[in-house]
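Note that subunit A is present in both complexes that follow, paired respectively with subunit B and with subunit C.
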Partner chain A sequence: MLFTSWAFLLFLAVLVPLYYLVPKRVQWIVLLLANAVFVGFAGLTGAIYLTATIVTVYLATRAIDALFRKQKETIAAMKATHTKEERKKARLGFERKRRIVLIACLCVNVGILFVLKYGAAIGRLSASLLHTPAFGQELALTMGISFYTFSSIGYLLDVYRETVETQKNPFKLALFISFFPLLVQGPISRYDILGEQLLAPHTFSGERFLSGALRITWGYWKKLIVADRLLVAVKALCARPQVYCGDFVFVEMLLYAACLYADFTGGIDITIGIGEWFGVTVEENFFRPYFSKNISEYWRRWHMTLGEWFKRYVYYPLSVSKPMRMLSQKSRKLGVGVSRRLPVYLATLLVWALTGVWHGSNWTFLVWGLLNGIVILLSEECKPLYARFHARFPRLTESVFYRGFTVIRTVLLLSSLRLLDCYATVKDAFGAFFSMFTTWNWGAVFRGGIQSLGLSWADYGVALFGVLAMFALSMAQRKAPIRKRIMAHGTTASVCVLLVLIGTILVFGRYGFGFDAGQFIYNRF
Partner chain B sequence: MKRTVLTIGGVLLACILLFGVLFAVTRLLMPKYRTASIEGSLTGEYYRDTTPHDVLFVGDCEVFSNFSPVTLYDAYGIPSYIRGSAQQLVWQSYYLLEDALKTETPKVVVYNVLALKYGEPQSEAYNRMTLDGMRWGGAKIGAIRASMTDGEDFMSYVFPLLRFHARWSELKEEDFSCWFGQGEPVSYHGYLLRTEVRPATETPIPPVLQDPHLPKTSMEWLAKLASLCRDKGIELVLIKSPSIEPYWYPEWDADVQAFAQQRGLWYVNMIDENDSIGIDMQTDTCDMGQHLNVYGAEKLSWWFGAELKRRYDLADRRGDAVLDAEYRALRERYETEIQRLTEGN
Partner chain C sequence: MEQLLEILRELHPETDFEKETALVDHGILVSFDIVMLITRIEEEFDVVIPAKDITPAHFNSAKSLYALIASLEEQDD
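Now for the complex of A and B:
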């Protein structure tokens, strides 16, 4: 069930009143059933994988919890009768059992994701190496699996670390893992943030409903007016790298930057708005990312929940892991700086490689991830240099001009890296990037070239208006959340804004017969 | 309390305003079919004629191009109307007839059988041209449900803005001039007049039929159409209009003949009657034998009118003041158009 389908809107139109009409104690059951319907629409295969995740995570967390309790009881009972050494041995025994349960559950869930995500690619690779028929070509990602697997693993690790209470009711855990608005493209949520909210009783609030409706409609506005429009041109540019080279690639970078932003943030707006309709505050996934002054800052503001997940569950544990500590010790002879940096840099590169492959099985994603990591590390290395520059030219670096320069530089750098997301092969992506410096064809771009991409000038005009509207809104958000400001003007004013948004979507949106108002870009990851 | 009332009033007013704007925008963006694809106007124009019809033609382009209601009235006093549109599928003809029978009961319904070759929905564009002009009711709902191709949805027929919203960048003068008005009819009781002469130069070689029979679905709908006419006491006539292309296979002809024979209906394949009608595909066609021009249509109407009169004892309605006035005005418009087009040619 696509967010952009009539079926989905009808689904919401039935679900929201139903949620508030039933007794509060069964509201969560209504949501759980809604999740089942939503997942059911996506197909039986997806439902089976989701159920497998729910069941394995539930059993594993219950087992870990039971082992914790048993450990405490055993150690307490041993206190009077056993030596410290014996107690330690017993504790280590329990820890080992917990770790076995954890690893087994991780293997199952990461294994499912791995097989579905990379099975077909591995099949193709082995076929080309061994000259045998490619296996696993029928394997494909099911809806939301990358997102709910990460959320589930997060919960599993939190239980393992004793940072959250174990959910004893499997259906309540199922509600968290399968919460339908998050299945399309995240955000990757944490149990300690979402779990209790989903189970809590909620009373209908007109104000919250209107606020949610504004957010949802703004999401659709970005998706249908800007993203789906620009995607037509982006697809055309990517499809023929030999033809659309040189300055076309620069155009493509800018169009894709706007398109991806509108698509991804639009989808998240819809998700957060739907969450609000059920009284659930879903985590924000963006914080005006295109205003970042460097790439590290950008990644703290773009797809924040994925970055946070990697930091919390991969980067930090890896940085302080035993092998890294050993590596740090062994590299001391190379100098203090090296021994301090090496584990951090290795962990950073590993996290970025994982971030890359999380996005897809294509080599382009791995290269994209590693390049992001390298750029971040280089920036880190250059920090003293920047500091000297800032100290030397304080007036320049504090000026609006310089800040604007850093923002534009970051956007261009990221857009260049994103070329790897656009093209089918690394070679094509690099070829396109370098062609910008070897082929000067602005004339061809504006003498009909840009119009050959499936969009008319009127379409570009609408897209430009959309981009400017998004930019203006981002600027306005710096003072205070725009929805709050609109709502402060009263219900009538808010409804008027909502109706204007709906009206403009209906006229200028790309939907209906002849258009592919389909999936969100991030849904394929 | 006062504040709540004001808020509700404000919200209601805003909603009414939005619906008003969207209604106006929908009217503006819907295709008017006045200068291009004018066949799209035909379905809607039917409702503008309030006079009774003794003969109702239903079918595809082979009815709206090949029969002249003006000639039928002038020659035999037969008031008639053509409910045809481009690639009008058999189930669309069924529903258009059902829709027409709500307000009138003709003595004879003439169905052109060419579209029987299509057993499945074909084209979204033709669907829209045929169905958008229908008045809302059970017939329209049935026609839409039976006709939708992949990717179409019912909602876009209820709210045409959902289908035509992207036309904002291709609006023409006619979209503004006919925004809320209908403008002059483009047809003459459903007849689309053409005066060009483009002779048929060669006989096309028909492709080999994969299945020699007409699709089962089409024949089922034809049976429904026959039942509808029988239930209302209307005579159903099946015809195949004269044409060289698209090719009408003997196997298909045999299917229709068998159907007609089984139900005691008159079926005439006019391709076999070209000589007696006097059709000359060198002078009477506007597109190399696919459709007739006005000269061919008048010849065909003369011949067919005589046959209808002879077989179904249709009354000569000339002398009826209302009909005379209607057809006088129609003839004037018809002749003016012939003159205009002839000068243009």
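Now for the complex of A and C:
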């Protein structure tokens, strides 16, 4: 059931009133059943994988919890009768058992994700290396598997670290893992943020409903007016790299930057708005990312929950792990600077490689991830240089002009890296990038070139209007959240804004017969 | 505390670590800085900071970070 389908709107139209009509103590059960219906629409296979994750994570967390309790009882009982050494030995025994449970559960869940995402790719790779027939077949990725698997693993690790209470009711845990708005493209939510909210009783609030409706409609506006329109041109440009080279690639970079932003943030707007309709505050996933002054800042403002997840569960544990500490000590002979940097740099590159691989099994994603990591490390190394430059030219670097330059530089750099996301092979992506410096064909671009991409001038005009609207809104958001400001003008004004948004979607949106309002781009990850 | 402030100032000389209480929330200390900082703290204070303690609450101010170090030193004893 796509967010952009009539079936989904009907599903919400039934669900929201039902949620507030039933007694408050069973609201969470209504949500759980809604999750089951949503997952059921996506197919039985997906439901099986999701159930496997819920069951294994539930059993593992209960076992870890039981081991914690047993450890405390045992150590307390040993206090009077055993030595400190014996108690330490007993504690280490429990720790080992917990680690075994954790690793087993991780293997199952990461294993499912791995086989579904990379099974066929590994089959093809081994076949090309060993000259044998390829094994494995392309398996359809089930809806939201990357997102709910990461949320589940986060919960599992939090229980293992004793930073959250273990959920003892399997159905309540199932509600968190399968919360349907998050299954399309995240955000990757944390149990300590979402878990209790989903279970709490909620009273209907007209104001919250209207506020949620504004957010949802703005999400659809971005998706149907900008993203789905520009995606037609982006796909056409990527499909024929030999023809659409040179300045066409520059156009593609800009179109894809706008398209991806409208698509991903639009989907998250819909998710957050739906959450509000059920009284649930879903984490924000973006903070005006295209206003970032460098690539590190951008990654703290784009797909924030994925970045946080990697930081919390991979980057920090890896950076302070025993092997990294040993590596740091062994590299002391190379100098203090090297020994301090080595763990951070290795962890950064590994996390970026994993982030790339998370996006897909294609080599382009791995290269994309590693290049992001390398650019971030280079910026770190250049920091003293930047500091000297800022100290030498303080008036220039504090000017609006310079800030604008850094923002544009960051957008162009990221858009260049994203070419790896557009093309089928690394060779095509690099070929396209370098063609911008060797082929000058602006004439061809504007003399019929961009009209051959499946969009008319009117379409480009509408998309440009959409982009300008998104830009204006982002600028306005700097002072205060725009919805709050609209709502502050009263219900009539808010309803008017809502109707204008719906009206423009009905006139300019790409939907209905003859159009295929597509799935969200991030859903494929 | 002075020893910790010195380490922090090495990382960001421009920041007033005695006053700032949202080092992570305001983006002054980013993940990269945090790991570098941990390496320095472990060298200077002879403690091991486990991954589960790497949270914004512990790294948002010099005071909270010092409290973490003190609690880890206590655990070692």
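Note that in this section the second predicted complex is superposed on the first by the 520 of 525 C-alpha atoms of A that agree within 3 Å, B and C clash if a C-alpha of one lies under 4 Å from a C-alpha of the other, contacts with A are read in each partner's own complex, and residues count from 1 in each chain.
Following the convention adopted for this analysis, a contact is a pair of C-beta atoms (placed from the backbone, for glycine too) under 8 Å apart; a residue touches a chain by one contact, two chains touch by 3 or more.
Because the structure is predicted, anything quoted here is derived from the model rather than measured.
Colleague: Where does A:83 make contact in the superposed view: on subunit B (first), on subunit C (second), on both, or on neither?
Modeller: In the superposed model, A:83 contacts neither subunit B nor subunit C.
Colleague: Of the partners subunit B and subunit C, which touch A:438 in the superposed model: first, second, both, neither?
Modeller: neither
Colleague: Does the superposition put A:317 against subunit B (first), subunit C (second), both, or neither?
Modeller: Only subunit C; A:317 stays clear of subunit B.
Colleague: Is A:242 contacted by the first partner subunit B, the second partner subunit C, both or neither?
Modeller: In the superposed model, A:242 contacts neither subunit B nor subunit C.
Colleague: Please work out whether A:499 is in contact with subunit B alone, subunit C alone, both, or neither, and reply first, second, both or neither.
Modeller: The first partner, subunit B, only.
Colleague: For A:507, select first, second, both or neither according to whether it touches subunit B, subunit C, the two together, or no partner.
Modeller: first
Colleague: Per the contact definition in the header, classify A:203: touching subunit B only (first), subunit C only (second), both, or neither.
Modeller: So A:203 meets neither subunit B nor subunit C here.
Colleague: Residue numbers of subunit A touching subunit B in their complex, please.
Modeller: 6, 456, 458-459, 490-492, 495-496, 499, 502-503, 506-515
Colleague: Contact residues on subunit C for subunit A in the complex?
Modeller: 27, 30-32, 34-36, 38-40, 42, 48-52, 54
Colleague: Spell out the residues on subunit A that touch subunit C in their complex, using ranges where they run on.
Modeller: Contact set of subunit A toward subunit C: 161-163, 296-297, 300, 311, 315-317, 319-320, 325, 328, 340-341, 343-344, 347-348, 376, 380.
Colleague: Okay, in this complex, where on subunit B does subunit A touch?
Modeller: Residues 6-7, 10-11, 14-15, 17-18, 21-22, 25, 29, 124, 151-153, 155-156, 161-163, 165-166, 168-169.
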